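Consider the two complexes below, in which chain A is the common component and chain B and chain C are the respective partners.
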Partner chain A sequence: MGIFDVAFLVSVLTIAAPVLLAATGELVSQRAGVMNVGLEGIMLAGAFSAYAAMTVTESLLIGFLGGITGGLVGAVLMGALVIEAKVDQIVAGIAIGVLGYGVTAFLDQRLLPEPHTFEPLERLAIPGLSAIPVLGDVVFRQDLFLYATLLIVAGTAFALYRTTWGINLAAVGETPVAADAAGVSVRGVRWAAVLVSGAMAGAAGAYVSVGDVGVFREDMTGGRGYLAIAAVLFGMWRLRGVVLAVTIFACTDAVQLRLQSIDAIPREVWLVAALLLVPVVVRALASVRSVRGGPLHAALRPGPAGGVLIVLLLAVFAVRPPDMSLPASLWLAMPYVLALVALAAAGASRHQAPSALTIPYVRSEA
Partner chain B sequence: MTPPSAAALRALGLRLLTQLAVALVTLLMAALILLAIGVSPTVAADAFWAGTFGSPTNAGTTLTQAVPLFLVALGWIVTDKAGRLQVGFPGQVVIGGCAAAAVGLQCENVPAPLAVMLCAAAGMLGGALWAGIVAWLWASRGVLEIVSSLLLNLVAIQVLAWLVRGPLQGSLDQQPQSADFPESTRWPAFPSVPGLTLSYDVLLMPVLAVGLIVVLSRTSFGFSLRASGGNVTAARWQGIDPVRTGVRAIALSGAFAGLAGAALLFAGSAPWLSEGFEAGIGFNGIAVALLARNSPVGAMFTAVVFASLNVGGTSLQSLLDVPSTLTSVLQGAVIVLVLVAAAVAVRRRSTTPPEPAPAPAEPSGRVTAAAGQGA
Partner chain C sequence: MSTTTSGADPRAGTRSSALRLSGVTKRFGGFTANDAVDLEVGWGEVHALLGENGAGKTTLMRIVTGLYQPDEGTIAVDGEEVAFRRPEQALRAGIGMVHQHFTLVPTLTELENLAMGPSLLPLRDGRRTALERATSVESETGLRITPDRRVADASISERQRLEIVKLLCRGARILIFDEPSAALTPDEWEDLARLMRRLADDGHAVVLISHKMSEVFAVADRFTVLRGGAVAGSGAIAETTREDLVEQMVGESVEIRRERGPVQAGRPALAVRGLSVLRDADQPRGPRALDDVGLDLRGGEILGIAGVAGSGQAELVETLLGLRIPVAGEIEVAGRPYVDRSPSSFYAAGGSLVAEDRHHVGMFGSMTLWENINVRALRRPPLVRRNVIDPAAARHRARDLMAEFEVRATSENQAMGRLSGGNQQKAVLARELSTQPALVVAVQPVRGLDVRATEFVYRRLLDQRARGGAVLLISMDLDEVLSLSDRIVVLAHGRVQGVLDAADATRARIGALMTSREAS
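== the complex of A and B ==
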């Protein structure tokens, strides 16, 4: 299997889990019309408070509860700013980002100058299922956080699409006036959504610090919060799409980790890159086709034509890999570049964004 | 110019008063934090003053550091006036700085004034092009500028990390940084300040502040900018293309940020390109603009305040062992306080009917406008 072996798949899941949890929370918040750009700061708050709680109690459970509390504190601030004071959501998010970085780095330097290292979460083998070849090693020998994340994502899917609360949430994000008229508390639902996203981002941050590596460093979430936001947009505000987006990001990241030790890019990478781009190009073709002319006409337009060319080029590389390597830092930029390409390709379907996203709800009493 | 009315004066007074209140609350918070970590606030204030304005050399450093912050703030003001919300300043500062450094390293034998101009132009071009990606994604693909600019920030950091290890790596001991810039590219400094810490680019602050005000209020470009930031439909009826205006505004703000990147490198104390030279200027510049309520003249003063927080924070760390991240805490707190103060002010205004002052920024319509153009 070359570089795509069991260890690779395991690292994909480990990378994906915190981003997926944070993105799920962000999805809930955005469907209610609150764009929580402060996610990065909230994840940092969660990462640090989990680490602080662990330092005091040495208990992973308390650590994760501490992380969730830290996330909730950030979310309360976000909610107070955007729901109560009705300030610009994006500017408020930036403020929380700066504050989250500053406060956690300050407290870390001041309170816990000696770095502590903890045992990360141990991996649990689920009896029976873990004996399945490949699948058992990848999925059923993971840590508790991964299982919890999968459960929470499934629970969120149920809550969003199968409960009255989920319908109310979508109504508040689409037309708050109508939801208000129907007796739904816009304020209440938005608060609940922001708090849910804060708790999930806090837990995700806790996994980044104490769950996965067992230490805290300044700015250690390293853009995962922004990646989670990008996943929500790339996923078109649907949970399925978010899961897909996070998987793609995690794969890129895992490939980058593997490739740091390899000189030339192996052929599998080219092949997978080509396969990943195919749906994007097909989607671009489909969106152009609806304008005028047939698929051939569409394929000749500069955007899609470029996409087709790139896919062909990647396919050629897959057959005959060039002796080429990409510096590690440029690989690190790959998930973000990919997210940008995906957003650009998805441009035409933007109307699926909640209509009231980023717009504060002011109830007119007149 | 007509003399300002009493109501306008009162509004200005109220604004200054809220800013004073924000400053006082921040100072109080700083004092409380210092007390909590066992440092006397008066001792800290002395150290802070000595580090920022206590000597001509330190004052020069503080003022020179205010310039990049101010330039980014101008970038924010331009896009904010046009109703666009790009926050890609960190990335644009980084890419502008990289472009300026790439040009500057080739300017060994170029006469000084030309070399300085070339570096500044390269910085502006780099920043504008990087912002151009945001503008293109927004205008032709309907991607929210906030998201694309945040992602491009992360890409820019990696591009810088690659450049200082690869093509631009030039230090003799294999550190991830470039060679020192040639003397001819260094921005000149006032010779009267000991240590040559006060760069002439301080003069950019009043010049650009006045220039931007004139452009915004007296030119057709400024009018189309403000019209697109106000009511998109009304702008269309005036024959203004809000998409084209938005693209121009984003590119212009990127140019400001790119110039800030060049200023950081060529007027700073470390004349080489290294990782982390951006040092939070990009986001703090936004805070500088917010604190000045998006006024270019006010931004000159708030930029000096933020620069003195940075410089003073460093001197507190070296003299009293106070963590320098205290600066980030206070800067974050300032943004939050300004937001809250603005929200309170708007609410007060809406409860006192006789003054139908225009709301500072109308957030609604932003997303729908972009969506309408993207489809």
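== the complex of A and C ==
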């Protein structure tokens, strides 16, 4: 049955790459204090611009440059709204998200009614390294976009943690007054961060359309932009955390792709579900117990008792899987459900967020 | 009016001018914040800038540091005329300001805070050069930083030191200190005073903005007093007296002694018995912030709580408000047991609070003055009719209270955050005292206020006492506790170290009790 094979790992990387690139850009923007909620719309703008550029030039390079330009246009709009006009960031972001969807769908129908299909990016085998068993097939036989993403993430890590620019960025997102007093232009840093995030999201969008499959469809980013935002929160505003979060999301997405085609839910899924619930139930038990009564008393209360029952049931299923499956659309929702859970869990660690996130900077305040 | 030329001061004979302001005027709409201000600070001099809140000191310093541009007048640094359009330009000209609220990033390390700044090559790592500069500043001034400590983990005085190092690293030669002692202990202030003298002796120019006469007389060479936006006087410290300076600041002599009648102990207002509170609620066996504390306060009485910061004052207030749950103890408010503790039940029981952190706890900065003033009265008639608020009645009540409590504002619709600190505190008092509370808990009620507003707050607290209400006055300022209280409870390490009658309390006795015992 083997869900986890080389092809699975390859699909994890392919799914992860655009989300990771967009999330890295979003991280830069959020560390500067701008929460770009319109990331989904900006990715769509990138996806469509890349597709439009391709239909004219048929060059993947121009296509990606077009995607980056589309992302930058979205970012300029975002920056003008939240940095210059000081509009509420969430409101502006939602507007840009909706706008990106509407405008790309409209332009697609009006300008390019004939669907085009292009050759997606080639997979390049890196000589030597690609001969390594498993790792070579998974990592070193990928397309250029993945390599570029890895380089950009590494470069971002360097910029964030090893340069004055990274320090300024953190200062602008945390205590803009201090950055301003130090002579750092809060406006300049925020613009730079928003534009970086726009360019990255645009490139990620281009990969989703022309880079990966070679077509454009309405709303084809399918929530990847929101996943990227969730990854930044779940990753607690650290690049390492963001990479981890994107990996988890991509694994889940790859798993659900496989599971869609399997008749019965395999026992591994039941086991994982049971294991995931155990810490929740244990915590509930502990909190009830600390109020009053012994462990038995705690386990008999309706909430924890239900939890214990569900865990036991899942454990039974793991040993003897029932012959049942879920509709494909439910499987499709899995990464998003996970993102919701992740956000709820990250709610407890909210204090990790940059203090000035979503707060416009007005200088003359005392 | 005293002279402004440096020739008047014998010690300034050889000093050249570091900073000279001539006829600086700044208007905001119809309001003139600075009116033809002249200010001259020489190299090697500590210059005290005095004035009440709202006298125009802040505006003037914002002009000097490039945040505002003057409408008229000129600024000269080291003899050369300058026109700053942005703060960076003032920094480059060597002017640095140590703000009351530090401009540090708490999540970064001390070194990173030094490295922060505009750089031509954005991908360069500024940490190395910052460390080199910090080392050279240390060898010049003896100011040492801890490079890898996060600023959030540093104490207030360590942060202030970092702020000074930061300015010196950037080559600041004119240093402006905005009420630097506000958050310091007396020892830390001594260190800072020595540092200011040392910086001046090394040839820097130091401007000290302060309310405290003792500080001004301890370190300053010369002074300039602002009143109502204009210069009310300037000269050498050695040739003036405290009374003289206070009079220049307020324009009239302020009554220092407070007249009051004898205590007429009324109904019990607050009784606390055996109160013990954990320092950290997650550590049941950990240290206690309050240990077996007992208090007794009756109407018509002011009970002062003296103690150094962190002796359990904050925990006492939080417990009264129900924000902390004690491990033991009973509390009675207005003679009735006060068991279900929450902020709303505290107010319902007849309590009221003048909070220490005015900006975050004491008011809603972005809401209007009338909304702020009426917060405690909003749910009761006459402001509520058939469960609907009557805004006209509320505005009317606000106007009456503004007149009664001398709150100066353009109208009752002004945003609370736009008022000066003194007027904000007057509005807070109007809100808290207008409901005729049995008990007023006042925590550092005059923090950051000028002489006149301070006097107003004291008078209102004494009025509350005369009316038969009780005041629990919590303050780190011994003089304040001594001058207002009928009885004084000395708190140290969470324990009551002694209760003194105001008649036989002295600074020395309280000081001895405050430091009498180590934490158990």
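One rule holds in what follows: the second predicted complex is superposed on the first by the 304 of 366 C-alpha atoms of A that agree within 3 Å, B and C clash if a C-alpha of one lies under 4 Å from a C-alpha of the other, contacts with A are read in each partner's own complex, and residues count from 1 in each chain.
Assume a contact is a pair of C-beta atoms (placed from the backbone, for glycine too) under 8 Å apart; a residue touches a chain by one contact, two chains touch by 3 or more.
Bear in mind the structure is a predicted one, so any value in this text is a computation, not a measurement.
Peer 1: In the overlay, answer first, second, both or neither for which of chain B and chain C A:T57 touches.
Peer 2: A:T57: touches no partner chain.
Peer 1: Pick one for A:R363: touches chain B only (first), chain C only (second), both, or neither.
Peer 2: Only chain C; A:R363 stays clear of chain B.
Peer 1: Looking at A:T163 after the superposition, I want to know if it touches chain B, chain C, both of them or none. Which is it: first, second, both, neither?
Peer 2: In the superposition, A:T163 touches chain C alone.
Peer 1: Could you say whether A:A178 touches chain B, chain C, both of them, or neither, answering first, second, both or neither?
Peer 2: Only chain C is touched by A:A178; chain B is not.
Peer 1: Where does A:T117 make contact in the superposed view: on chain B (first), on chain C (second), on both, or on neither?
Peer 2: After superposing on A, A:T117 lies clear of both chain B and chain C.
Peer 1: Chain A residues touched by both chain B and chain C?
Peer 2: Touching chain B in the first complex and chain C in the second, residues 355 of chain A appear in both lists.
Peer 1: Under the stated contact criterion, what part of chain C meets chain A in this complex?
Peer 2: The touching residues are 58, 67, 87-88, 91, 97, 99, 101-108, 112-113, 115-119, 122-127, 166, 170.
Peer 1: Can you name the residues of chain B that touch chain A in the complex?
Peer 2: 37, 85, 87, 133, 137, 140-144, 146-148, 150-155, 158-159, 161-162, 165-166, 283-284, 286-287, 290, 323, 325-333, 335-336, 339-340, 342-344, 361, 363-364, 366-368, 371, 374-375
Peer 1: Would you pull the chain A residues touching chain C in the complex into a rising list?
Peer 2: Touch list, chain A to chain C: 158-159, 162-165, 167-168, 170-171, 174-175, 177-185, 355, 363-364, 366.
Peer 1: Could you pull out which chain A residues touch chain B in their complex?
Peer 2: So the residues of chain A touching chain B come out as 37, 77, 81, 85-92, 94-103, 105-106, 109-110, 218, 223, 226, 229-230, 233, 327, 329-330, 332-333, 336-337, 339-340, 343-345, 347-348, 350-351, 353, 355, 357-360.
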